[in-house]
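First chain written, first letter: the chains are A, B, C and D, and each begins at residue 1.
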Amino acid sequence: MRKIKVAILGATGAVGQRFVQLLANHPWFEVTALTGSDRTVGLTYGEGCRWILPEPIPEYAKDMQVIPTEAGFEAALAFSALPAELAREAEPALAAAGYAVCSNASAHRMWPDVPLLIPEVNPDHTALVETQKKQRGWKGFIVTNPNCTSTGLTIAFKALQEAFGLRRAFVVSLQALSGAGYPGVASLDITDNVVPYISGEEDKVETEPQKMLGRLNGGSIEPAPLRISAHTNRVAVTDGHLVCASVEFEQAAGPDQAARALAEFQAPALVQTLPSAPHCVVEVRPEADRPQPRRDREAGQGMTTVVGRVRADPLFHVKFVVLSHNTIRGAAGGAILNAELLVAQKLI
Amino acid sequence: MRKIKVAILGATGAVGQRFVQLLANHPWFEVTALTGSDRTVGLTYGEGCRWILPEPIPEYAKDMQVIPTEAGFEAALAFSALPAELAREAEPALAAAGYAVCSNASAHRMWPDVPLLIPEVNPDHTALVETQKKQRGWKGFIVTNPNCTSTGLTIAFKALQEAFGLRRAFVVSLQALSGAGYPGVASLDITDNVVPYISGEEDKVETEPQKMLGRLNGGSIEPAPLRISAHTNRVAVTDGHLVCASVEFEQAAGPDQAARALAEFQAPALVQTLPSAPHCVVEVRPEADRPQPRRDREAGQGMTTVVGRVRADPLFHVKFVVLSHNTIRGAAGGAILNAELLVAQKLI
Amino acid sequence: MRKIKVAILGATGAVGQRFVQLLANHPWFEVTALTGSDRTVGLTYGEGCRWILPEPIPEYAKDMQVIPTEAGFEAALAFSALPAELAREAEPALAAAGYAVCSNASAHRMWPDVPLLIPEVNPDHTALVETQKKQRGWKGFIVTNPNCTSTGLTIAFKALQEAFGLRRAFVVSLQALSGAGYPGVASLDITDNVVPYISGEEDKVETEPQKMLGRLNGGSIEPAPLRISAHTNRVAVTDGHLVCASVEFEQAAGPDQAARALAEFQAPALVQTLPSAPHCVVEVRPEADRPQPRRDREAGQGMTTVVGRVRADPLFHVKFVVLSHNTIRGAAGGAILNAELLVAQKLI
Amino acid sequence: MRKIKVAILGATGAVGQRFVQLLANHPWFEVTALTGSDRTVGLTYGEGCRWILPEPIPEYAKDMQVIPTEAGFEAALAFSALPAELAREAEPALAAAGYAVCSNASAHRMWPDVPLLIPEVNPDHTALVETQKKQRGWKGFIVTNPNCTSTGLTIAFKALQEAFGLRRAFVVSLQALSGAGYPGVASLDITDNVVPYISGEEDKVETEPQKMLGRLNGGSIEPAPLRISAHTNRVAVTDGHLVCASVEFEQAAGPDQAARALAEFQAPALVQTLPSAPHCVVEVRPEADRPQPRRDREAGQGMTTVVGRVRADPLFHVKFVVLSHNTIRGAAGGAILNAELLVAQKLI
């Protein structure tokens, strides 16, 4: 198979760097363009990027020249790590120009004709791509992945929704520093401290799962009836978002049943064949004190959702803890898996 | 007024050290005895104690000799910072021998005739002291203060219960390291990490507020009908427990009303006169990102409960964040305030 | 005594906030002007400042209006917390206009006619003020305090220089986050990490002590012959700079003699009377593992230099560890003590 | 080639776990015995071990039974992760009984007939094995690897010694938490803090390099004339020891020459063929702010020594920063490389 040419939009930022890293040696994709801000355009990626990941910059990217974020580059697909403000204009423009945009930005996630996609959860929502192209007269399209906190949570919710139906959920997150980008959170704000607030986050966590767990109905999504209350907090952890969740089912079920439903959850057959799909979608840990961010975030190369402490809830049915790697599964890795699904579904 | 002689049981541990510190120059109490384990008995406190607080050891304590935890010392009152296992036998023995034991240990908190006391919340529960002495034939008695996480939470709950009644609450804690004592949590377990589990803690947080918010009925407490679901987590913060709470009232109320009820909450007149009572029981912060442990834990010398982010909850009525200093308000300071109440009520 | 009117230049930054805090209720000084950047000019201090200290903003400052950093405000004295780039132009302009500028900025520290001042170390260097005014034709003048790392180190060096003479020193710092201002160090750069580099710092630490320990000779300073090699590192500590030092004396001396010289070091009589002078200039800790930043930085309200681990050095004579609070003694507190000295010397 | 049977002594501790991990799928060695304390003997390794590494326990080890640390197990070679107190008796007993003991413990490092070995530095010192066996009448022998801080430092020193000779060195370490084992450092001791003391460490760092850089002279080692002064500090980093060093050469050389000597340093040909030998012995980073523990500790699978900031020293010749992974290169990985050398030299 000839590799598909892909661009990375906003390649020098924290999520952009993860795209650069995860796309090194990708079996289906070949990076042919890296876009950046005015400050970096014209420099090589090695010069323009303050690389913050522990592993070194992939060789392929070092000498590529950073170009502006506008149509003209040679690629079929563009991964977007743009900040929401920039994504708002750039992504529709690129979609109109014919690129398939797989975006990690929040700007278009809740547009009715844009799929908010997790391949293990709602692969059929990609049907919106046709609606989108038709309605907007675009040659390309936009597909988005959810917020980093919504991601692992929605995967766990999907397993439970299928088994018992979901009515209500309380969720409280303890989110990693890398979720705020780079430089992001000031060290003086988080050392020996917790910040119980992340701008805009609670609204995303309360609404995105409804869309993803919703039903495709003609050309739009009927949101799932699940209602969510979210508190979001920043803690002094480099990577890995932890979420405490209490859930009420449609159909009563206890912790053992819930743990089984989570452990046995499988992606649809087509999704299981994708190169970035984790072998194990949800890993259920039996220990009293797991998952933990530093010890579990690398599960399945950062693509597995780790659940633990599944136990009875005094008010709803079950409570548990979910961990997901926020810059892999919850950002770049999730967007790449989405693109792989689109290829497998012959939409790219 | 002649000062009352007091002992500190388990004086060399983390909470014991806070007692030693907070009782330096106390207007009503004079420390006459410090008890410790076999390892330290016979040494001076300065020698036997690995002092871990930033401020230096108070002069008065340095050369006091550490004695065993058994009846015989000259004091009317004993503050207990014993671990639960030791408290189980030692506290009843001392109460039987005539000491008033103000205990921070969990061992006897849920005994039906033992007050679980926060002066601003349930000062009338000290009536159980008479029942206790009579039933058990003790000359002394035991009064306890709640778990460090229950403390701030119950103070906030009391303000809301009085105003609107309380039906259900979801609470998720982010607890400080000092809550686990010393040496406590290993640095390798918490650096760049969160531990989503604290042994025995969730049960305490789900039941202690019910008792404290309950009604004294003859010689026992009728628990409040409030039902609670708790998740408890350890984070890399030295002091200050943060709790995210979502609450359902008996009588619907919105965030503005709730914030007002919290801000206007006052202790009973007698309690306001106690030397360790904070000027402000509950401080309500208006900023989007407060309270924060490092920045707010010292409010009211660590005795004020700080609440913030009071906002509408999509499932229940209101959600908010509570912060309380776990080794001051939630341990030694709370026990001292309890003792002051007992003195003011002429029970000591 | 009528209080002297003082301004704080750059009042909204990290060091500016320390000035605002330390000058609340100062017995000699009254803050009458707070200057800030274009972004904050016209706002009240409470609005314009993102306050980052744990204690609340002093009441006096909250409603003061932030003004531009230029001559015209009513004050005799200006404390400068300006960044070096801004200080370069603003401080000479204000000195020319008649203000006594006590600056924490590095811009003019090494000017030959500007005192680089620590009252306990070189109070006689203020004689340069006259030279400075005469040579430059200024009505006011500039006095500076040293870099936060040089400060504690030079105080310890002074005690040793007086006793034994100093020839050479190796010093390695472990510096706190607040030394980089706010937002300063990104949390992703320092969590589970050390950064072995601070721009420009090693040069300051290698040269500033030479000037301060030097001899006033007519209208200039003859640097001390002490030669220094410095490595500077950033660590995940909020406040308190720790320095490991190995020193070679002119006249051989062992650890006991050195510890005694440090412990017995006293400020000149005039300096001891200043309101911000610490009771104890150098505290020598006997424990094997002290000083430590979190446990010792508040010594003497952050104005005492804490030394420990004084022991024999295999290459030079003695090695030891020094701790100093970088935003109090090493910045705002140091500048205020300098101003107090100038008042006591009738130079203001 | 038939794999050599090896035991791991003290397999459940922090360093023991690294041995278990690094020996999974080793091309030459097969783990046949895991020893532990009384508490764990008889349990399976999975039950007896509180596994603290982020990657999961290797499958091969999970169901192996923990046995006591005494002769009788079937293995030619024993890797020792014993604490020094236990090593003192157990290692000689096992060596006498015929096992080749490759020890990470400090107990016998300075014995005159025991090689203190880094294959890239002093592979010829293994000649002591014969002397040792003969003198002591043992069928087996003991070989040790140095202290975790000495390791990376001595590798850098070797490169410089070969090029210019070494006369004196000042070294200050910033050491990781894992160097203290598990549970090791209490989180309350290190959060927002530095501890400027590690028991016994400075003595090791001042003497071990002298032995390793010394010359084999008949049946003993003549220590190198290099004299060292060390300060050792604990910082809040999980893995990776950083050392600031200033060195004086026999033969003057500047930073460029030193950087070249470090970058070009190579292991002897035989050592380069060993399975655990890093491709690059010393990596020299050109950036102003590297190496950093979190970003560089994994270089060469944790076996490469990373050096940076090579610059002129005002007192000696050159100063620089060295980073080495303390539980891989500085402990288990180092001991395994030693064993590989012994096999290649046909001493096992």
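Details
Methods note: a contact is a pair of C-beta atoms (placed from the backbone, for glycine too) under 8 Å apart; a residue touches a chain by one contact, two chains touch by 3 or more.
Quick caveat: nothing in here was measured; it's all calculated off a predicted structure.
Note on connectivity: the fewest steps through touching chains from chain A to chain D is 1.
Centroid distances built from C-alpha atoms place C farthest away from chain A. Remark: chain C and chain D have CA centroids separated by 42 Å (rounded to whole angstrom). Centre-to-centre, using mean CA coordinates, chain A is 48 Å away from chain C. Of all residues in chain A, those touching 2 or more other chains are 191-192, 236-238, 294-295, listed in ascending order. Taken in their complex, chain A has these residues touching chain D: 54-55, 191-192, 238, 294-296, 298.
For chain A in complex with chain B, the touching residues are 168, 170, 172, 174, 191-197, 199, 206, 227-229, 231, 233, 235-238, 242, 244, 246, 288-295, 308-309, 313-316, 319, 321. On the side of chain A, the complex with chain C involves touching residues 14, 52, 177-178, 182-192, 236-238.
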